[in-house]
Amino acid sequence: MAEFLSLHDAVARYVQDGATVAMEGFTHLIPFAAGHEVIRQGKRDLTLIRMTPDLVYDQLIGAGCAKKVIFSWGGNPGVGSLHRLRDAVEKGWPHQVEILEHSHAAMACAFEAGAAVLPLAVLRGYVGSELPSVNDQIKFIDCPFTGERLAAVPSVRPDVSIVHAQKADRAGNVLVEGIVGVQKEAVLAAKQSIVTVEEIVDDLTALPDYHPNACVIPGWAIDAVAVAEKGSLPSYAHGYYPRNNRFYKEWDAIARDRDAFTRWLDENVHNAGGQS
Amino acid sequence: MSLEYTSAEMMTVTAARALENGTTCFVGIGLPSEAANLARLTHAPDVVLIYESGTLQTKPEVLPLSIGDGELAETALTTVSVPEMFRYWLQGGKIDVGFLGTAQIDRYCNLNTTLIGDYREPKVRLPGGGGAPEIATNAGEVFITLKHSKRAFVDEVDFITTLGFGRDGKGRDGVPNIGRGPTRVITDLCVMKPDPETRELTVVSLHPGVTARDVQEATGWEIRFDDALETTPEPSEKELEILRDLKERTARQHAGE
Amino acid sequence: MAEFLSLHDAVARYVQDGATVAMEGFTHLIPFAAGHEVIRQGKRDLTLIRMTPDLVYDQLIGAGCAKKVIFSWGGNPGVGSLHRLRDAVEKGWPHQVEILEHSHAAMACAFEAGAAVLPLAVLRGYVGSELPSVNDQIKFIDCPFTGERLAAVPSVRPDVSIVHAQKADRAGNVLVEGIVGVQKEAVLAAKQSIVTVEEIVDDLTALPDYHPNACVIPGWAIDAVAVAEKGSLPSYAHGYYPRNNRFYKEWDAIARDRDAFTRWLDENVHNAGGQS
Amino acid sequence: MSLEYTSAEMMTVTAARALENGTTCFVGIGLPSEAANLARLTHAPDVVLIYESGTLQTKPEVLPLSIGDGELAETALTTVSVPEMFRYWLQGGKIDVGFLGTAQIDRYCNLNTTLIGDYREPKVRLPGGGGAPEIATNAGEVFITLKHSKRAFVDEVDFITTLGFGRDGKGRDGVPNIGRGPTRVITDLCVMKPDPETRELTVVSLHPGVTARDVQEATGWEIRFDDALETTPEPSEKELEILRDLKERTARQHAGE
């Protein structure tokens, strides 16, 4: 049953050192405010799961929160590399980070299977790819009906998932609109979940443009709801504010340089206080 | 023709022309997205563009910087979840053409977007597979577009992220339920197709003003040229105008103006 | 690419004798008009797939169209038996009909796997049930990661699927709202598909209450669209007309008696002309 | 108490009281649906009712005749696809209580809704499994409600559609990721629970005016009675009023008025 907490308290309660954490949002609604709160609280040894690590995990990795990253595409979209991820993988700064990589199709299916609480996802995938040679979590099974060889990957079952959404209502029901990614799956697959939202409304179903098949996560399937206005910037919230593409481009220079990154982190995260 | 255009424009226009009207195309970000949208704005108004973010049949006014810009959802027929996109639409056989870029490509059209060097001690860590491994095998066929250079066109990729035809050209033989794989590669110098027998990448068309030697010098193996080597048709004035408008709109929007 | 056809022509072109046909709509939007057209055209030896055969398959079975029925719950909802189904199974009237039965969970997953063009669906199902002893299409696999024994069923891949929906637009894009059941899955899983709709609008995305995540099947994923006003009565169409629960109750007496059924069929289907 | 009520009302009220406020309940059609909605309209306003048609957290004004009446979607928080319902919500472990009816039930709480007689030559063909086989194993626990009769309460069901505790009472032992199974059976005569050791169905409470003999005569095996046999509390005036209103509204609506 969703409890309304401050972002500070939600992260303090549900994100433990050493936990497996999925912060999802496929390009859209990336939970940056929550990621920054995790950095401010100095969480350590996290196994971070995200299809696209994006800037949010680049920042967490650079800040020293990550032990391992599970992902399927680790770039700055349309710009280039994630330099903090690369620096950790290639040079071990601030410390060595283990990686486990999949394809998008496999991770999407693994989130789906996690929401369905199955131990595995089955897909027609990885044919001819060398990814199975570097990821021992990719196996193959034979279909008992056709004999076809199909890929199998373990489902994603995080200790805690954190997503950002547009609205929650007073019962903690959460509305996600636009690019919904694997956010619902991430919440349902996790043992515990935090959802940050742009705003609280009285009753989602009473909204004038409410749709009978809207992507809604009921409050009783969520542990904590926290308000975080503009909580996904520089990512975006459909219907609220656009993606700050300019910042995504500027990030390249910031993240390339350890000092520039450290300064940015101090100014914009550590000393930025957050919304408590 | 006396039109002025860059080799990058030549590449995009040629890539765009490869997409037939009415095709369903799973679009990679960057050059493929530029080409696919140019196709939609020129000869292929009914091309169906699908991005892995879940946006079905989208018609962006400006090119998205990321695979999931708001513009894509706002102009889409509808937006589905990412698991549904990969399960029902890509694996579900609804995609005619997968349109990909890459960091490395080899003579058998295998793609590497994972890393340069050794996996455990990479010289350069690249972004990784993303949607490509399954786009390349589940789409009906695959178009690839990238800039021509010795760094990109290597004899053997350091890592097969995404199957072309395997290290011996036979990687798709006998595999059930697999697409035809790469059918053309479009660069700023030429158009290549896999040889129908050996699957070895073969230059079928040189862009105007480009020589066979130019291509060879930008390729990391001794590349074959088709007997009936053609010259790629030049961009039209209209194509160039539409492309330049699109890129200008895009630059303005991405700069945050 | 969706072609606009009359219902008569769509059925004549896409429903062949001996075909495997799924007419879906979970209680809601059941394609009765299309079912009646199939009866009128005297199609034979069909393998009929539906989670809930409902009255529409009771009618097709009684009319002699079915060779086999694949289903997971074969009753008249809230009323009792499907007497035509029972008469065929128990007494062979009008001829013997083979049945293959699943649970809802398995069939729902089988439609999902069909849409994903996988050969099998995997679920945590049939534990302790004797259904696997009478359905040789239920198998079990061991998860390669956990060793857990899980059920596997073949995916549903019909020759043709027929569904009813609220609206299509001029490009053949179809909007489904309310209880969406397995309709999208049925269309995507099928080799060919017919969608009947209440009405054609100009452009779905221009509707004032259009939702960015609406359940829409694009026209290029459909073969034929046919207008069939009130095409799901006595089932219902969310936003158009309610379920005729009274008729569902009346059906019990009609279907109990072969003569009463035959008369009903003559009057309401064979001699009703249809919408051609 | 001098309230007048029928044994059917006694059954529904008792079944309703079993549902705690705030519980998520996967609701079967018919008696379970009546009981679950009565619970929601009386002591459990925040009970979350979920129907297999995909309607999440629904609050119907009248009882649905089918599992997918329009009323369910119109009053739901949201409606999801049927595959999602079974995968994410039921199998996904989000359901506290599965509330089922049945045609036959045996001493180990196994349910038969498939057929009477032999599978290949049935005497009576019943509707089949529907959602029950996986509701019974994937929900946290299961409540069952049905009218008490020798036809329904049989020593061994003709067919196990849905697992109670198996033919020997050990059907759940050692099975990973399985719910607790049936925890109570509510009829028009009594309340039964499986014995904690043997899993054999045991009468724990008789409805007012019902004797042990009445129950035995309506049961197809020698049924056990708990040492601490209780009398089921009577319905309250308010419960009866709300139930009767609900049923009257429902009858009017189903008659097409």
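Labels for the chains are A, B, C and D, by order of writing; each one numbers its residues from 1.
As a working rule, contacts are C-beta pairs under 8 Å (C-beta built on N, C-alpha and C of every residue); 3 or more make two chains touch, one makes a residue touch a chain.
Just so it is clear, the structure is predicted and the values come from calculations on it, not from any experiment.
> Which chains are in contact with both chain B and chain C?
Neighbours common to chain B and chain C are A.
> On a CA-centroid basis, which chain has its centre farthest from chain D's?
Of all the other chains, the one whose centre lies farthest from chain D is B.
> Any chance you could check whether A-B or A-D wins on number of contacting C-beta pairs?
The greater number of contacts lies at A-B.
> From the C-alpha centre of chain A to that of chain B, how far is it in Å?
28
> What is the distance, in whole Å, between the centres of chain A and chain C, each centre taken as the mean of its C-alpha atoms?
Computed value for the inter-centroid distance: 38 Å.
> How many angstrom between the C-alpha centroids of chain D and chain B?
That gives a centre separation of 57 Å.
> For chain C, give me the residues that contact two or more of the other chains.
112, 117-118, 123-124, 148, 178, 180, 184-185, 212-215, 238
> Mind pulling the chain D residues that touch 2 or more other chains?
Residues 73-74, 79-80, 87, 91, 177.
> For each chain, which other chains does it touch, given as pairs?
The set of touching chain pairs is A-B, A-C, A-D, B-C, C-D.
> Which residues of chain B touch chain A in the complex?
That would be residues 29-30, 52-55, 64-70, 72-74, 79-83, 85-87, 90-91, 110, 114, 119, 122-134, 137-138, 159-163, 166, 171-172, 175-178, 253-256 of chain B.
> Looking at the complex, which residues from chain A come into contact with chain B?
26-28, 51-52, 71-75, 77-79, 81-82, 85-86, 89-90, 101-106, 108-109, 111-112, 123-131, 134, 148, 178-182, 184-185, 215, 236, 238, 242-246, 248-249
> In their complex, what parts of chain C are in touch with chain A?
Residues in contact with chain A: 117-120, 122-124, 137, 139, 141, 143-146, 148, 150, 152, 154, 177-178, 180, 209, 211-215, 238.
> Where on chain B does chain C make contact in their complex?
For chain B paired with chain C, touching residues are 22, 24, 48, 56-57, 73-74, 76-80, 87-88, 91-94, 177.
> Enumerate the contact residues on chain A facing chain D in the complex.
Where chain A meets chain D, its residues are 1, 112, 115-118, 173, 184-185, 188, 204-205, 212-216, 218, 220-221.
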